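Per-chain numbering from 1; labels A, B, C and D assigned in written order.
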Amino acid sequence: MDEFNASVMFDKELYLQDIKGSIAHSKMLALQGIITTEDQTKIEEGLLKVKDEIENGDFIWKIEDEDVHMAIENRLTAIIGDAGGRLHTARSRNDQVATDFALYVQDKTLVIKNKLKVLIQTLVDIASKHTDTLIPGMTHLQHAQPINFGFHLMAYANMFKRDFDRFESSYSRNNICPLGSAALAGTPHNIDRFKTAELLGFDSPTLSALDTSSNRDFALEILFNISTSMMHISRLSEELILWSSYEFGFVKISDEYATTSSIMPQKKNPDVPELLRGKTGRVYGNLMSLLTVMKGLPLAYNKDTQEDKEGVFDSVATMEISLDIITAVMDTLIIKVEAMEEACKVGHLSATDLADYLVQKANIPFRKAYYITKDVVELSNSLNKDMSELNINEIRKIDELKDIDKDIIEYLDLRNSMNARDSFGGTSNQRTLEQIDIFKNWLKDN
Amino acid sequence: MDEFNASVMFDKELYLQDIKGSIAHSKMLALQGIITTEDQTKIEEGLLKVKDEIENGDFIWKIEDEDVHMAIENRLTAIIGDAGGRLHTARSRNDQVATDFALYVQDKTLVIKNKLKVLIQTLVDIASKHTDTLIPGMTHLQHAQPINFGFHLMAYANMFKRDFDRFESSYSRNNICPLGSAALAGTPHNIDRFKTAELLGFDSPTLSALDTSSNRDFALEILFNISTSMMHISRLSEELILWSSYEFGFVKISDEYATTSSIMPQKKNPDVPELLRGKTGRVYGNLMSLLTVMKGLPLAYNKDTQEDKEGVFDSVATMEISLDIITAVMDTLIIKVEAMEEACKVGHLSATDLADYLVQKANIPFRKAYYITKDVVELSNSLNKDMSELNINEIRKIDELKDIDKDIIEYLDLRNSMNARDSFGGTSNQRTLEQIDIFKNWLKDN
Amino acid sequence: MDEFNASVMFDKELYLQDIKGSIAHSKMLALQGIITTEDQTKIEEGLLKVKDEIENGDFIWKIEDEDVHMAIENRLTAIIGDAGGRLHTARSRNDQVATDFALYVQDKTLVIKNKLKVLIQTLVDIASKHTDTLIPGMTHLQHAQPINFGFHLMAYANMFKRDFDRFESSYSRNNICPLGSAALAGTPHNIDRFKTAELLGFDSPTLSALDTSSNRDFALEILFNISTSMMHISRLSEELILWSSYEFGFVKISDEYATTSSIMPQKKNPDVPELLRGKTGRVYGNLMSLLTVMKGLPLAYNKDTQEDKEGVFDSVATMEISLDIITAVMDTLIIKVEAMEEACKVGHLSATDLADYLVQKANIPFRKAYYITKDVVELSNSLNKDMSELNINEIRKIDELKDIDKDIIEYLDLRNSMNARDSFGGTSNQRTLEQIDIFKNWLKDN
Amino acid sequence: MDEFNASVMFDKELYLQDIKGSIAHSKMLALQGIITTEDQTKIEEGLLKVKDEIENGDFIWKIEDEDVHMAIENRLTAIIGDAGGRLHTARSRNDQVATDFALYVQDKTLVIKNKLKVLIQTLVDIASKHTDTLIPGMTHLQHAQPINFGFHLMAYANMFKRDFDRFESSYSRNNICPLGSAALAGTPHNIDRFKTAELLGFDSPTLSALDTSSNRDFALEILFNISTSMMHISRLSEELILWSSYEFGFVKISDEYATTSSIMPQKKNPDVPELLRGKTGRVYGNLMSLLTVMKGLPLAYNKDTQEDKEGVFDSVATMEISLDIITAVMDTLIIKVEAMEEACKVGHLSATDLADYLVQKANIPFRKAYYITKDVVELSNSLNKDMSELNINEIRKIDELKDIDKDIIEYLDLRNSMNARDSFGGTSNQRTLEQIDIFKNWLKDN
């Protein structure tokens, strides 16, 4: 029964935030004359001692203490005596737990933002080296148009930057301090909530004590932000798995992040990207869990809300390690430039360019150009060549093209085709470098 | 098979955005000299005609057209001839659908923001009238401390304002224009994506064509924002259901929003809040659906993404009607002030005040005060009274209180107890009015 | 990195199944002459020694061992030498992990079934004592018709029996043995999969080695069954929370399962049912996680699947403790019979009976009867009485009823009203006892 | 507001079940003497007329009718007069809707079971033709061991058979009739619920009227069963997408189910399997929706439950069309046998066989055999050959193998390697045929 009710075995994760919050609260109480400066000093020193004990592994977590807050308060009182009891003046378990949790989410948001930046930097670095490396641009997993590999990686840099922006936005939206809301209705003590907020790095106190005690929007937001970011990681992981298959052969995952089979010496498994892809499931589940918990709860605090933490801890830990790992995988990735370029010669990737040429240069209506292109595709197939490898004589075998200008051959060249897509955000070498520059500047400024 | 593949029967919801997007695209093409001004004029007039046909019900949606984009383009070409074909220059289905969908999400975000404001205004109006109406403040659905009903309602105003802020934030974060990304890699045409973005009210074009074609973060964000907001509505609904039960009897839902039983003439059912509570399920489900769809998709566009729209349409429609309905329910709610106040006399709501009094005025240590309070609770129970109804002589029957100051009685008064919680964000009349003022100013400024 | 890849820190939960599976495998290998009897004996003794070490806490779990299987195998080899290496003949990590996990799910299914039976027994016992205790039957949380409390509890007994049936069904459907499927395609060794299946209590081996290695349907089934069962618990919990509020006052949760506020000595919180209700979220989340993981995985084993276990362990542990706890809460519940019966006098619960009487006895068309009933409701309200408390003279004040037979009064009696609903499955005393008997027989037979 | 409350616009899907249920109810009422035979005849004829009107498109669905039940009842009364009103004797909207919905779920379960059988038959048919077609068996999307394509397809047959079994199981578990439970507590009328159950094809009536009115377990079960089945379809779809890529080139999706790009004449997109994979999201979402709706609902009927239907309708429709489509896609699939076999020569698929040979025939300890195999892998790579293509002289270049028996070459042969895995459920030709036979018999018997 104690085991069922108690949260101390998982919410001890909040010890740092709990101590930080209590020190700030005691300082404010002393400034307001609610406790004496001597008591405040004792409390602060006591709490720092408890912190040391926890970090040295000397602290004994007991299920009877029920939660991290009581565990620390009981130990504090054991160390400093009566003064410890005064710490809980003008606050309740409800606003204390909300504050600790909010601090945790904010702290972790900053950590995640930094890790996202490191990942983006890594992608930008690799992209910089591959703005001229051709790879088949795909839709529907079918070869579509030639793009450069730097351009491909920058798509992910854009996703992770959006994630960064979302974390930044939720951080600033939720940077408000629950402390001082007390159980549900505020307190008769003459506290200064703006001071506590300031001491803890929040922008201001929350506005409604009643709302505060059961508000978990900030927890939902971090769960959602993590879900979206892990979804992006799952997409990159999927591509790494595909690319490292025999069939694609575009990359080799460094031995450190691939696993050898214990019975097949020739086999390397992309375990790491597979696990990353799989971990998307758990963070989706955590989001769904808390949404379910919060549905239909009357005001104000209900014990259901105790179920808010484990999922957040788990999603945060998953996000942190996943970002570290995917960054390391990318950083050590062996890129098989030749295989990528070779693959571009399959699928007549310059077919669109041929049609465009016919429309623009030869003034042929698009519908007709489309059918001529189809003929050229068939011709290429019959010659066992990719369209990009045709010469002018071969092209001219097509009736409608028998008088065609020689420069058509240039348009069919894969690298020319890639560089032709030169609109803002396009794959041309120029535009990819422009995109990379924008990211480099952003990285410098953030 | 056509039925399986085609999306026209649901994505016709996007007709307005599709036409708006095409007009902007044609204007840009003309400005850049890619099409002639004459063609642009024909295209624009043709599209406006199609719009009229759709809005008049004269347009025939055909499954063979596959999607809203082809349906409109085919009709346009039927009306204006060859010029219609030129509209699709320098764009592809991929960036067109992304643009339409982004425009839709942005349009609807503004609509939802407005409806949230109307709801907040309604809550603020009612709250203004009830800052002195007592109601039992609850935690764990147990009476805890006396609060005022205005304060209670303002907790919801705070929730819905957070929702508003989230919609505002996702709006500005996602106010970027996909158009011109083409299929996946940009286009060789000399387009001006900044111009198209400007014409459509976006801040700028998206940065990576490859990322753009399969980015659905903006759709996930609106699904999440709606989920959180519906969760808040489900909590208010739960309270309305509880409050309108015989047992609570705090409110009466207006006859317009309650249903009479067809066999029990005495029975009124809170169908509307129940439905609102139930609809939380569907918007959660829609969020989970799209998260699932996006997991592990390789770049760039995959047909899976066609599954993004129905869920968003459904969640948006649910959000819109739910906001209208909950606003109307609140607006017409009959509030039984006396029943609320009567309920405050159950559960010794001023017990905390007694303990506080003993600590602060009589200098009794909290632990002892707690046990004295417990004795007073038992005394009250034996007298069949609430603690707030005791007189000084009764209080003094408790040994430790036999010399207690008469003013203790004032502290036990429920209204005094409510007003004592005067910290920032607290329930006191003063603080509730302050909170209301902050909201009134915000409403004026937004 | 090791930390990321390794599963040993959570899959050690499977140590018993792993040892059981290995012993059976070794027995079969010996029977088939693939290993010697001496080696088999050594292996079995060694494994039992490892089991002892684990259960005594002497076993050292090391992250380098990666998973529970290697941890045990390495220790086995350390104890018995070379023979240990022969254990892995004709099996692979893939079928081993599938077997361990299947055994775990089967074992736990039996445990859960037993706990469900205990809960059902408890409900039946309480119901037996309250087949004549009136409580307002509600729809829409509004008083509808008088029922007996035993009948009310039996509704939950029915839900939990359905859960039992689902667990029973998934148990028998999934009672098939993965072992011998090897990595993905079977093994060249002359193994006897039927023997291994038999030794492990399975009905037969699985049919397709390829399917087996990535089949996790059995895990999804237990996650779903637990979700549905926790949903039922959440409904009972909701009612316990409502019933123990001041407003309802129908029950008192025993002090052991309610928590006293640390600052409000008069307050008892239904923490336990709230937590139970909240825990519904986590099991829903675990289901959603595994569904997400499995989506779109190509054959056969992929490392994503390693994410299958933690969620199942967590849901199983949640289900087990929740069943124990809800059983204990019900077992010690204080039922306030008088308050329940008193509540029946609010809301004119016999209104339907009056209408029925008028139709059947007085031959008045239903539509008219409905309006007469409405008049009687209003009359009762004006007399400040419940309809069930009216006397014949009062009834006859209604014009249409002025010559009505005296026996109408009996029909308005609440207990008579309850007993009148005597159809199969109805609330009458008789039918409730019949239902209880059916359950008692079922409990005896299962 | 009507629009918000009314369900008629979607629950009209239940018209057939509603009419079927009403006819059975009227028959029972007549048999019990509760209504006259004349009235019953009128009712039945009237209902059949309404059915015709609906099916001919002559019926006008009106939002004011609120739900399908009132729409039909109102029309019935318009047609046959007063007798129509008697139909509602001894039932309530609550048990009527539960009955209609249960009938719908049962009806659709049978339809789905049949479609699953057709799909299984199709897979078995193709498998029968390809028990000797080699394809690389993969784990982690890496070549592992040679298997036959028939064996691969049979893995899916096994999945879909499990789905079939689950639908069968939920069908029989839920084949109980809600009708006669009335609003929540049964009815005073002398009805015969066993008779109604029998007339409707149910095994028996439900046991608790109170439980019945808000039980939606059967709806959750079909949603879960569909989710699992769509998950299986998503896996097959993923493989179809991979296999039809240029890189794999194992299959060609028939032109009917692949889409040509409007600008790239050379490009065929596997739109259909992509859509199937995407549709997994929506059915997961529908499951999550209803789980959310049901969480924490007090007894008995609450309007929240009205949210149960749309998700089930949507999942059922998705399942039906998805089964038809995937069956057709498989049926028309072009299988590139040579490409599959060619792919087997990449990745040294017989490496395990070599190691096994060395252990079993040459009595070399496994650890050493593993390293020899590794050397052979490197040798093959240096010769630009797959291990299966080595000749005896090349093999003997490895020091440890210089005296090796010539028959080693046979063991490296890919087809021999496949056939060597001859354990029950293994990939050998023999075992695959055995598996196919088991399925053929099952198909005959079901």
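In this text, a contact is a pair of C-beta atoms (placed from the backbone, for glycine too) under 8 Å apart; a residue touches a chain by one contact, two chains touch by 3 or more.
Small disclaimer: the values here were computed from a predicted structure and weren't measured.
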{"item": "Selected interface, C-D versus A-C, where C-beta contact pairs are more numerous", "value": "C-D"}
{"item": "Interface copy of A-B among A-D, B-D or C-D, judged by whether over half of the contact pairs recur", "value": "C-D"}
{"item": "Approximate Å spacing (C-alpha centroids) for the pair chain B, chain C", "value": "34"}
{"item": "Intercentroid distance (Cα basis), chain C paired with chain A, Å", "value": "36"}
{"item": "Cα-centroid distance, chain C relative to chain D, in whole angstrom", "value": "25"}
{"item": "Multi-chain contact sites of chain A, meaning residues that touch two or more partners", "value": "139-141, 144, 183, 242, 263, 269-271, 274, 277, 280, 284, 287-288, 291-292, 295-296, 302-303, 352"}
{"item": "Chain B partner contacts - residues on chain C that touch it in the complex", "value": "136, 139-144, 241-242, 245-248, 261, 263-271, 274, 288, 291-292, 295-296, 343, 346-348, 351-352, 355, 370-371, 373-374, 377, 387"}
{"item": "Residue numbers on chain D that touch chain B, as the complex places them", "value": "1, 3-5, 92-93, 183, 256-257, 259, 262-263, 269-272, 274-275, 277-282, 284-293, 302-307, 310-311, 321, 325, 328"}
{"item": "Chain C to chain D touching residues, read off their complex", "value": "85, 90, 94, 137-141, 144-145, 147, 151-152, 154-159, 162, 165-166, 169, 173, 180-191, 193-194, 205-213, 215, 217, 220-221, 224, 227-228, 231, 234-235, 237-239, 242, 277, 280, 284, 287-288, 291-292, 294-303, 352-353, 356, 366-367, 418, 420-428, 431, 435, 438"}
